[in-house]
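Structure in structure tokens, see below.
Chains here go by letter, A, B, C and D, matching the order in which they are written, and residues are numbered from 1 within each.
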């Protein structure tokens, strides 16, 4: 067992503990604790944004700036792949 | 109801992904490990938003009883929007990593992490 | 990748229009039914990639210049952020949904109707800026994803990568 | 509402939207010709700088300012994304702007020899700037995560800009693997916050947080990942690799992005968990032990970072990799200041009844020292990378063994290298000295041994650079460097701007501390004001 493996096992187990404890302590599946923000969105998504689809009204109106970041990420990924493959001979 | 099985599935996926990233030597397996962790975290986000007997938060042709007690009968929409963003991030990171792996294979001739060690201490 | 057999190519020809129509439907009805710009764009991009696989990347690379694809994609991005800037110029708030309830001349609305709260009827002329943003993101995802897969497919078919 | 007020009111979104809009336009603009594209990028960057200066003057005068996206007034269950700009975020935006403006001026001629891929280069630089500024101005943790991800992708692509060099590809792949796993852990921590409090806004979260066991897990996840992204020891290996392989004009912008993750770590420790680590009212008495524990953990990590950075720098032969390790050491000083402040909190009690919780004076001095050191560290390390880039441009050589006798031909570069050398090792006339003195002074009062180690490490930094100066600049003339001549003008301008700022900061430190650093430190300490601007003192 090389030292690299021992370190990897150590890191793996420490990080794994974090996820196990959080999965145990999180609210039980099916009844979320606090729901104030989401109820506000569900009740007046039609009146404020005019959209029937609650998720799309969040993606493009309530949290539209995230989706602008989203479009930038896609734009950055395409620009970087094009840059990495810029030396293609036709 | 199934008590906390989705959260156990989340932890299992994150374990598998982490195992692949830390212990596998092939570059493509590391990239696949990261996608597995990514889908595990997405599953975690989605399961946070489930509500007992909830319907999708869409009003078009929604069942009439869901309309009457509106907020309580619909699933939380915010985690779904966050997961949409996280999925597109996963696609972008995957595309970038795979193009780098292709170039590393062209330059080094191998995909074995041990042999790609030109940046010495 | 080299070309596929005749059977695969004909089936690809037949199913490509259906996939594209379904993808455009998902983009256009993003604010009514489940879906939207990202999901619909991915469906149309997968139709295009199916064509790429069926006809081989060299055939596709000659036909479609990726320069045009990237400028199409930056056009979609400029359209998306332009709509956000329009919100700033029209109503003084960045990213404002200024089209909702905006009555143009003799109350014709451009995507401006507001549905009755709780109504389950789908009226496409609603949700203000959302459909415009859906189209912008859809165009961007189609051009972006197809350009990435096209370049990677063509690169892997070149000689120096097959060491 | 005259024009200036309108501009100030709309400047937070415009600071992020203008570079983003120009990044989208670059592929279309670059079809005209090269000069127009470079000029377009510079003009757009100076417009952003104008908005940053406008916003800075307003925020330093009258406190934090918020901007809600998509609605005029703020509904109380905060649903929309909002930008919250206080003095610390504006301070970081100024740092980022200086670095990026110099990088754009520098790469005008540094990149002239590259023939293809330059419009993608400018697009990605502007996207990296947008994501860095977005990370510093946003008031929403998921929005912070999205901008963190954009900075990961664009800096990874820029590290791999020289695709023909195998080491650059390896450094870029190592960087993207570590960053994407880190970003996924940040997303997991955001999921934990969302599950408990159903809120994604930083001010709402810090107001409603109860420091449950889940919050401790989220705190450890966030601080470890953002510390790792800033370059703390356990996972610092990507930093010298990436700084060593990326083109120097890119490295400067990546330094800005690293400082943004550092800002994220500070924001999480003192604002989201501010009610437990920052506040001094008696209800928090049983959390003082946690604060000291977190403080001591950060101090130990910081000291390890400084020592490893300096020791590894001594044995390097590649010039830019050496500066990368020095950058790791400098990050250690910044975290040292933060750790000292957290560790210095104590409880005053009469008999055994706690009467007050007190932050000693040297705690806030340590924080001011670490914030002042953020800007000093950025400027010094960038000047050294620009000098390394100039040497690479003139001689195409990066390893120190082959370089010698460059002072004869490249006089200005040698002068800039001397300024950078003195500034990094904290020698009086330069700016490094004043911020390091603040950190030494306050660390000494907490525990003398730590400050002695920090001073020794700084002296070893000086030794590292004197070795480099003799071997690269003063050695005998080599035939290989016969036709080496000074670098073109725009690179000298870039280095000159940073050198002047370093000297100005070095000569008038108290003016800079009074106008820039103190408001930023007070903004970080006073998280109640941060919460009340959003929730209206509810």
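Criterion: a residue touches a chain if its C-beta (ideal position, glycine included) is under 8 Å from a C-beta of that chain, and two chains touch if they have at least 3 such contacts.
Everything numeric here is computed off the predicted structure, so don't read it as measured data.
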Q) When you check each chain against subunit A and subunit B, which touch both of them? A) C, D
Q. When A-D is set beside C-D, which has more C-beta pairs in contact?
A. A-D
Q) Measuring from the mean C-alpha position of subunit B to the mean C-alpha position of subunit C, what distance in angstrom results? A) 23
Q) What is the distance, in whole Å, between the centres of subunit C and subunit D, each centre taken as the mean of its C-alpha atoms? A) 37
Q. Any idea how many Å lie between the Cα centroids of subunit B and subunit D?
A. 29
Q. On subunit D, where are the residues touching two or more other chains?
A. 20, 24, 27, 69-70, 142, 146, 149, 153, 156-157, 160, 163, 188, 195, 200
(Q) By the touch rule stated above, which residues of subunit A touch at least two different other chains? (A) 19, 26, 32, 35, 37-38, 41, 46, 52-53, 55, 59, 61, 63-70, 72-82, 84-85
Q. Considering subunit B alone, which of its residues make contact with at least two other chains?
A. 48, 58-60, 70, 78, 82, 84-85, 88-89, 91-93, 95-96, 99-100, 103
**Q.** Residues of subunit A touching subunit B in the complex
**A.** 5, 8, 11-12, 15-16, 19-20, 23-24, 26, 28-32, 35, 37-39, 41-43, 45-46, 52-55, 58-59, 63, 66-67, 69-70, 73-74, 76-78, 80-81, 84-85
Q.
Can you tell me which positions in subunit B touch subunit A when the two form their complex?
A. 1-8, 10-11, 14-15, 18-19, 22-23, 47-52, 57-60, 70-71, 74, 76-78, 80-82, 84-85, 88-89, 91-93, 95-96, 99-100, 103
Q.
So in the complex, the part of subunit B that touches subunit D is made up of which residues?
A. 21, 27, 30, 34, 37-38, 41, 44-45, 48, 78-79, 82, 85-86, 89, 92-93, 96-97, 100-101, 103-104, 107-108, 116, 118-119, 121
Q | subunit C - residues contacting subunit D, complex | A | 70-71, 74-75, 77-78, 81, 84-85, 87-88, 92-97
Q) Taking the complex as given, what residues does subunit C use to touch subunit A? A) 30-34, 36, 38, 61, 66, 70, 73-74, 77, 80-81, 84, 95, 97, 100-101, 112-120, 122, 126-130, 133-134, 136-137, 140-141, 144, 147-148, 151-152, 154-155, 158
